[in-house]
Amino acid sequence: MSDITNQLRQRAKDLLAQGTVDCVIGYAKGSVPMQEKPYFATTPEEADNLVWSGFCVNNLANFLIGRSGKNAIVAQGCVSRNIIGLIKENQVQREDVYILGVHSPGMIDASKVQSHFPGRTITDVFEDGKEIVVRGMDFEERLPRKKFKRQNCFTCTHRNAVLYDEFIGQEGPQTGGGNIDNVAEPWEKLPPDQRWAEFEAAFKDCIRCYACRNVCPLCYCNICFVDENNPQWVGKSQVDADIYTFHILRAFHCTGRCTDCGACESACPVGINMRVLTKKLEKDIRDKYDYQPGLDLESVPPLSTYRADDPEIS
Amino acid sequence: MKNPYLPYPVRIQRVQVATEDKSLRTFDFEFINPDDAKAFEYLPGQFAELSVPGYGEAPIGIASSPTEGDHLTFTVSKAGVVTTKLHSMVQGDTMGVRGPLGHPYPLDDMEGKNIVILAGGYAVTTLRSTMVWLLHPDNRDKYGEITFIYGARTPGMLLYKDLLEEWDARNDVNTYITIDNEVEGWDKYVGFVPQIADQVSPEPDNGVALICGPPVMIKFTQPVLDKMGWTGDQIIMSLENRMKCGIGICGRCNVGPYYVCKDGPVFTKAQLDELPKEY
Amino acid sequence: MPDKILTKDGLDTFIQKLLTDYDLYAPVLKGADHTWSKIQDSQDVAWEFANTAKSPKKFFLPQSERLLHFTNNPDDPNGMIMHEEPGPDRPKTLLNIRPCDAKAFDVLDLVFCQDEQAPDVYWKSKRDAALLIGLACKSPCPTCFCFSVNCGPHHQEGLDILLVDLDSELLVRPLTSKGEAVSADLKKAPQEAVDKADEQKTQAEQAMTSRVDMERLQERTVLEEYDQAIWDRVHESCINCGTCTFYCPTCHCFDIQDETQDEFGHRVRNWDTCMSWLFTHHTSGHNPRGSKKDRVRQRFMHKFKYMPIKLGGAIGCVGCGRCTQKCPVNIDVCEVVNSMNE
């Protein structure tokens, strides 16, 4: 990992010094365990703060929207697919982005690690080859990295950047080991009332902070449907019907566009696994339209276009 | 302990369409409980939250003067959810009024001074309250010269026309009513408020200016006053911001450390010069 | 008021006595985090924990709270008159609340009860009736910085009783007449227990690693701080969600809305966040804080500059560190405030 970090810093320095880009959007070391922070390096000196690790849990494509100037951006597979999506949706111009493609190590799921040490304060976590070392106020333990990867990283289909202007480091294995089509299967097997019960249980703790929505590169509407007030589609109080409406509708708005980057689940402060919705919806898109979002600049997302031979959904 | 979120129940006494484009209506309210009328002690410059159950509240400046009796008058522009509903309500309907809120114009400090009022558009509402109060026999003698400059786009957009005629006819107030462009039959002034202010050139000596109007009017009136030598603490402005609680708690209407609802809405220009322009 | 002593074995008796008058809540380990839960005995009460994930502000300012009601019937002239919602039944005791969270309530009292004749009755009625029994911090966690914002691991402001965990027993320090009444039956604490508690306090204060410095920030004028160049960088990674504001024990901004369904109408208040563009958006379309930079700056200016000016020096932050722990993009409040102070 440190090789990629060094290479990344060098290239970022060059790009900034030469004026090829105005800013390099990447990550810098975070001040809390298991979380690097999105970082905007605008000078060669600032480029020395860039890092690339298994704690880069946001989706940097989110920061391209509405950003002026020419920006370089550190992008692994899912992020590069979102950039392609944003270009197709006219939110980002191809010539304004300089993509620094990288291979993703698979991000660590901070809540999985914390669940392994319930109620204890973790002070530091660092990666050591196939293991992660977790330090707390009064303990230190080594854990197998693979077991504590984010679920979406485990079933990743494109770990290497799909579109890039240059590649930092070496391309690595393209998949994460798991089978993405199996993820939605448990839900598909459930009868409707049980499925509803599982859904309710999954979303009951939502506090409507909208971290999931705001961290997602797909959610860039000027006025989100939950913010409209004339008419007001969704209530603002903590009422189940309104909480569910927000999540269900947002999942549908993301359908055919979601790259399963997992930023939403990493952002959620109460640990909601809102991907239960998108995993199933994206599987339907794969099954019925034979489409995966963000793999090329030409194909149009199936829900953004009408074809006379669209499959009948029964 | 009074519950500051509970509105006083009121009944609509009268509704008048106030302007030719029908975007403004003037409402007169009477308190359903006489005790509430006594409790609602207010002064010019204050505002109240008009509470429409089921729709919400809108903070509107009080247009009536306490010298006019127990009823309350508000002129409301149809802008959003609450005010649109309000515009559809009729005489006899019940709703709520919560207040009085905010600080009034500093009428005590203004005693003995010459007062210049500059009003543009429908921001003239609290200045109606002020003028009626100032010109009341109990109050007029406490103040020096009173100059009233008020402009609207067209004659049909002028508010409170009956009062404007009254004031124009008086000899203890200098009235300048202006419209943007020449209109047949209009015999008063023509020009924007800043232009008329320039013509009138009010002297700053022992003066206090109350300005209320849209941002563009204030932007162009300020240089006129600067030219004449008016200082920041002689100029008093009334601000607007998005509000909910109206009592300085919910956190949204602040301009720097101060809440427009609780510490304002009346501020001197000198105070505003030290604060972020978040209004 | 002399300190008292209570063995952990004697906790259940103490709790049973409280239950006759109060509903009792304490931090309990649920899953990976500690959460405020209703308890009937000492069994699940947590003693070794940093802090609860969410702050206890929901007990006095619920996330959604009905203020008024009316029968939504326009044909009935009285149907559109609003009435106050009834208050809560039983007062609450918050056991093992951390000193930072208790001090936050004292700060919020300055906001909610600023008008003596007409305070926020919903906040005040719950506050006045509640009993706060605090648990002093033995070992502050890395994101805590209470000591540099007029608070501390053994801070007493806002508490009725401060408990200091001395392993098998608790030092019980009554701080108010309510606290004294509730601990009247307990034995007086021996001097060694009092000394041990003081030692723990010193050690905890020295163990704090995070700090903020505010001297220059306090001296500067509002506009000097507001116009600083740092704001152009601080806001860049912020995603303007509501996480920091919802987790913060001193954040108190709320929205008021009317909700109707058939013949019911309520005026409700919900937690709101200055991070949202809607917060200050005028109906006309004008937005005084229309840019993300304005909104991010507002949050820090409000807590560290505006509140001290308005509330006689009280800082709008108690150093609990939750915002830093929970922020999806790791905006660190200590880093921001220290750069405000440069």
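Per-chain numbering from 1; labels A, B and C assigned in written order.
The rule is simple: contacts are C-beta pairs under 8 Å (C-beta built on N, C-alpha and C of every residue); 3 or more make two chains touch, one makes a residue touch a chain.
Predicted, not measured: the structure shown is a model, and the values here were computed from it.
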item: Greatest separation from chain C - chain, by CA centre; value: B
item: Chain nearest the overall C-alpha centroid of the shown protein atoms; value: C
item: Most contacted chain pair (by C-beta pair count); value: B-C
item: Chain centre separation (chain B, chain C; CA means) in Å; value: 39
item: Distance between chain centroids, defined by C-alpha means - chain A, chain C (Å); value: 32
item: Averaged-CA centre spacing for the pair chain B and chain A, given as whole angstrom; value: 51
item: Junction residues of chain A, two or more chains touched; value: none
item: Two or more partner chains touched - positions in chain C; value: 255, 257
item: Shared interface positions of chain B, touching two or more other chains; value: 80
item: Chain A-touching residues of chain C, taken from the complex the two chains share; value: 29, 31-34, 46, 48-50, 53, 63-64, 139, 141-143, 233, 236-237, 239-243, 246-247, 255, 257, 259, 268, 270, 273, 276, 278, 324-326, 328-332, 334-335
item: Chain B-touching residues of chain C, taken from the complex the two chains share; value: 67-68, 70, 72, 74, 77-84, 111-112, 114-115, 117-122, 124, 221-223, 226, 252-258, 260, 265, 267, 269, 272, 274, 279-284, 288-289, 294, 298, 301-302, 305-307, 309-310
item: In the complex with chain A, residue positions of chain B that touch it; value: 80-81
item: Interface residues, chain A side, partner chain C - complex; value: 30-32, 35-40, 58, 62-63, 111, 114-115, 117-119, 121, 123, 137, 207-211, 213-215, 227, 235-239, 266-267, 269-271
item: For the chain A and chain B complex, residues of the former touching the latter; value: 229-230
